[in-house]
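Each chain gets a letter, A, B and C, in the order it is written, and its residues are counted from 1.
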Amino acid sequence: MESIQFQRYITIGQYVAGRSLIHRLDPRTKLSAFLFLTLAITFSRSYTANAILLLVTLGLVLAARVSIRYLLSGLRPALPFILLLAIMQLLFYGNAYVPYRMEPVTLWRVGWIHVTNGSIQAVIVSTSRFVELLFLTSLLTNTTRLTDLTHGIEAMLRPYRRLGLPAHELSLVATIALRFLPLLAEQAENILKAQASRGAPIAQRGRLQFVATARQLAVLLVPLFVDAFRRAEDLILAMQARCYAGGRGRTCYVQLQFDRTDALVYGLTLVFSAAMLVLRNWFPI
Amino acid sequence: MSQQPMIRVSELHFAYLRGTPMEVTALRGICLEVRRGERVGIIGRAGSGKSTLVQHFNGLLRPDSTGQVLVAGSDLGDPATDFRRIHQQIGLVFQTPEQQLFERLVGDDIAFGPKQLGIERPERRERVRWAMEMVGLDFDAFKDRLTLSLSGGEMRKVAVAGVLALRPEVLVLDESTSGLDPSSRREMLRRLDRLHHEENTTLVLVSSSMEEIAEHVDRVYVLENGSVAMHGSVREVFAHPEQVRKLGLDVPQVTAIAHELALVGLTDGSVPLSVPEGAELLLAALGLHSAQPGALGTGDAR
Amino acid sequence: MPDSRAEPIVKIRGLRHTFGAGSVRPVHALDAIDLDIFQGEYLAILGHNGSGKSTLARHLNVLLVPTEGEVYVRGMDTRLPQNVLPIRRCVGMVFQVPDNQIVASVVEEDVAFGAENLGVPEPELHERVEWALAAVGMLTFRDREPHRLSAGQKQRVALAGVMAMKPDVLVLDEATSMLDPEGRSQVLSAVRSLNQNEGTTVVAITHLMDEAVEAGRVIVLQRGRIALEGPPHNVLTQVEQMRTLQLDVPQAAELSWLLHQREPSIPGDLLTVREVVEGVRLHAETHTNGRQQPTT
């Protein structure tokens, strides 16, 4: 059994240290920009719009000085799904897509297979959207520590506290989840190793082959849950001992700075995304 | 007795997350040998590679192209090796082994290993009974207890029994006494000695307690930063306290005392590994021989 | 040095604690404990597993309340709900498992957690976090992720988090039992300096001799009662007594006791390596050539 090293396969959620322009932005700016761009991407159906968005995404990747190869490697786990989806869309969805600014033309029809210029466009647009979204999501977490993201979200939700929203409690839930995720992953690895050492049929040749029976998953899940609950119990005591009593009356160590660069980036992405949305039906192809 | 060592490690290198930006080298060129029936200790400061090393002994981790790990003649670098058999021959008990318990009833959890080996029910039951006896859990009283209702110390015994039930030829224990109170720790070590004595089980002990090492193993390897920094019989290694201390460890108090006194010429430089031995040595050095050798009662109040 | 004539910071009278009082099998964890803890002292509470030592510790910061008897912290009765928060400000606790105390994914943010809860204003928050991290020797690790630290480092972060609340009393609940020797000595060294330089009262619950020898006073519990009490030199050298209480003594103490049995002129209550070496050397000097020299 090769070492199970989960960290290797996931680019989303991995912080890659750096001092680029993007790294230094306030998390609120990045979250908002991410939201605006996601909206723009979701509603853009034309080739032109997607080309523009792809360029903008690549521009952001360059500005963040994150390696494109690294981001592409994050595609790898999803690749089988993308390919499957693409093939299905291409071959079988000819009827469903009215192509953007084009007359539907059937290119090939054999039995169930129905390829049209619409389905080709669908495939290209979907794939490019997927890549854009993946890159942006990875980028967001590559340039912002998850804890800073939670601080950003909490800061954005804080004004709603007056309406009864437990902003700090929610962000603490996120903070604690983030904090314990690597620990639970490590614990899972330790448990699997211990069970494998007892002969449990767990891992073959570097890939985890989870046989679907509940019985066999139990060797991992039962101890993992027990461990998680035990940690939770300990943590509750520790938080009580440190006088945690909810968000009321708390001060905050982390002070976010929203400066001129942030305002600029915020404004630009807002305007750009709004423009893309408003003009989405106006692009030539 | 076979002349071939039970475990032989040559030039073992290992890096976690190799090929990624987060690569970290854990082992650099380790060479090590464990012979059948021996008791070997592996010590080293935190992060020196001890756990990584012992996980190579039962094939959990595999050597890369430069290193070699031979277990009872089988080459663990060869993909055709029967790793199920290796898992049975080399029983590995992890740190806080209680974390592996998953069955509802104690008896079932201990029987898990033998079941995976395809052992039939009557023999399985015998193995469970034997394993529980070895760790000091009464078979009838504990076999139908709920695993999660036991105390920490009892759960640890169940976990160790679960590995013993495989009847391994080599038992590797990674810090298995850590977190135990003094009397539980002494009990576990006593039982391991008994196992070694009765079944000729080879023992590999990873520990951060120097006193444990001094009194329960014959040879020791000291790891530092992924390599073997010192090795030899326990006496040979503990004869150099300054070197041991530079590696972030220490020697047992009684050994340190004898060493200090040897430096001022009061003793002959022998290396005592236990308190009674130290007392004999010091009394002899002061010209006060005990009335009968070994008459220094430490009592069996333990 | 703690002034034992002054009012104790913690007063415990007739403390009994029973788990599952109304149930089929109640567990009497503590049985009529009377104890005074003085400001600035370093107290070690020893006992085998099940002796009640952790239960006793949890009464100090109102994680538990007495079934019978009273516990007063700075004169505040722990049974009154309005005293819970003020007492917890005053008594901080570091627990056994380093990971399960750390809430945030960045060291300095976790250290700030407790002080944030107390509503400490912003600029002072930063000062306290820096001071606490420096006091435990972890200032250079302020922006690291806790899960990349060693156990000893994590435990020091937890310690800093408690100290940033500026408590009068620091309770260590088996805080070094999961650490390797190096980590243990780092944590103990930080605690020692807090006790000596800041005057923080330390109550260390442990079964490890390394921790116990640090203390100015040692208490040994057995079955919920105080069985032995006194300075480490008096308590930790009572080899036979400690064995009955299912505890170890340091090897040096055991050696000294054995030597003393055979040769009474060698003191039987030596505790450390240094002391035994000196004791034996002294004996050798005053008894050269097997003939007893008159001691001056």
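The rule is simple: contacts are C-beta pairs under 8 Å (C-beta built on N, C-alpha and C of every residue); 3 or more make two chains touch, one makes a residue touch a chain.
Here the structure is a predicted model, which means the values were calculated and not measured.
Chemist: Which pair wins on C-beta contacts, A-C or A-B?
Modeler: If we tally the C-beta pairs in contact for A-C and A-B, the bigger total goes to A-C.
Chemist: So which chain is the furthest away from chain B, centre to centre on CA atoms?
Modeler: Max centre-to-centre separation from chain B belongs to A.
Chemist: Report, in whole Å, the distance between the mean C-alpha point of chain B and the mean C-alpha point of chain C.
Modeler: The mean C-alpha positions of chain B and chain C differ by 30 Å.
Chemist: When the centre of a chain is set as the mean of its C-alpha atoms, what distance in Å lies between chain A and chain B?
Modeler: 44
Chemist: What parts of chain C, by residue number, touch at least two of the other chains?
Modeler: none
Chemist: For the complex, give me every residue of chain B touching chain C.
Modeler: 45-47, 151-153, 178-179, 181-184, 208, 211, 248-250, 252-254, 256-257, 260-261, 264, 266, 275-276, 278-279, 282-283, 285-288, 290, 296, 298-299, 301-302
Chemist: Which stretch or stretches of chain A touch chain B in the complex?
Modeler: 1-3, 5, 7-8, 16, 70, 187, 190-191, 193-201, 205, 218-220, 222-223, 226-227
Chemist: Per the contact definition, I'd like the list of chain C residues that touch chain A in the complex.
Modeler: Residues 61, 63, 85, 88-89, 92-93, 95, 97, 99-106, 108-109, 112-122, 125-126, 129, 146-147, 158, 161-162, 165 of chain C touch chain A in their complex.
Chemist: Show me the residue ranges of chain B that touch chain A in the complex, using the header's touch definition.
Modeler: It is residues 16-17, 20-22, 55, 58-62, 79, 83-84, 87-88, 91-92, 94, 97, 99-102, 112-113, 116-117, 148, 162-163, 166 of chain B that touch chain A.
Chemist: Which residues of chain A touch chain C in their complex?
Modeler: 145-147, 172, 175-176, 178-179, 182-183, 186, 230-231, 234-235, 237-245, 249-255
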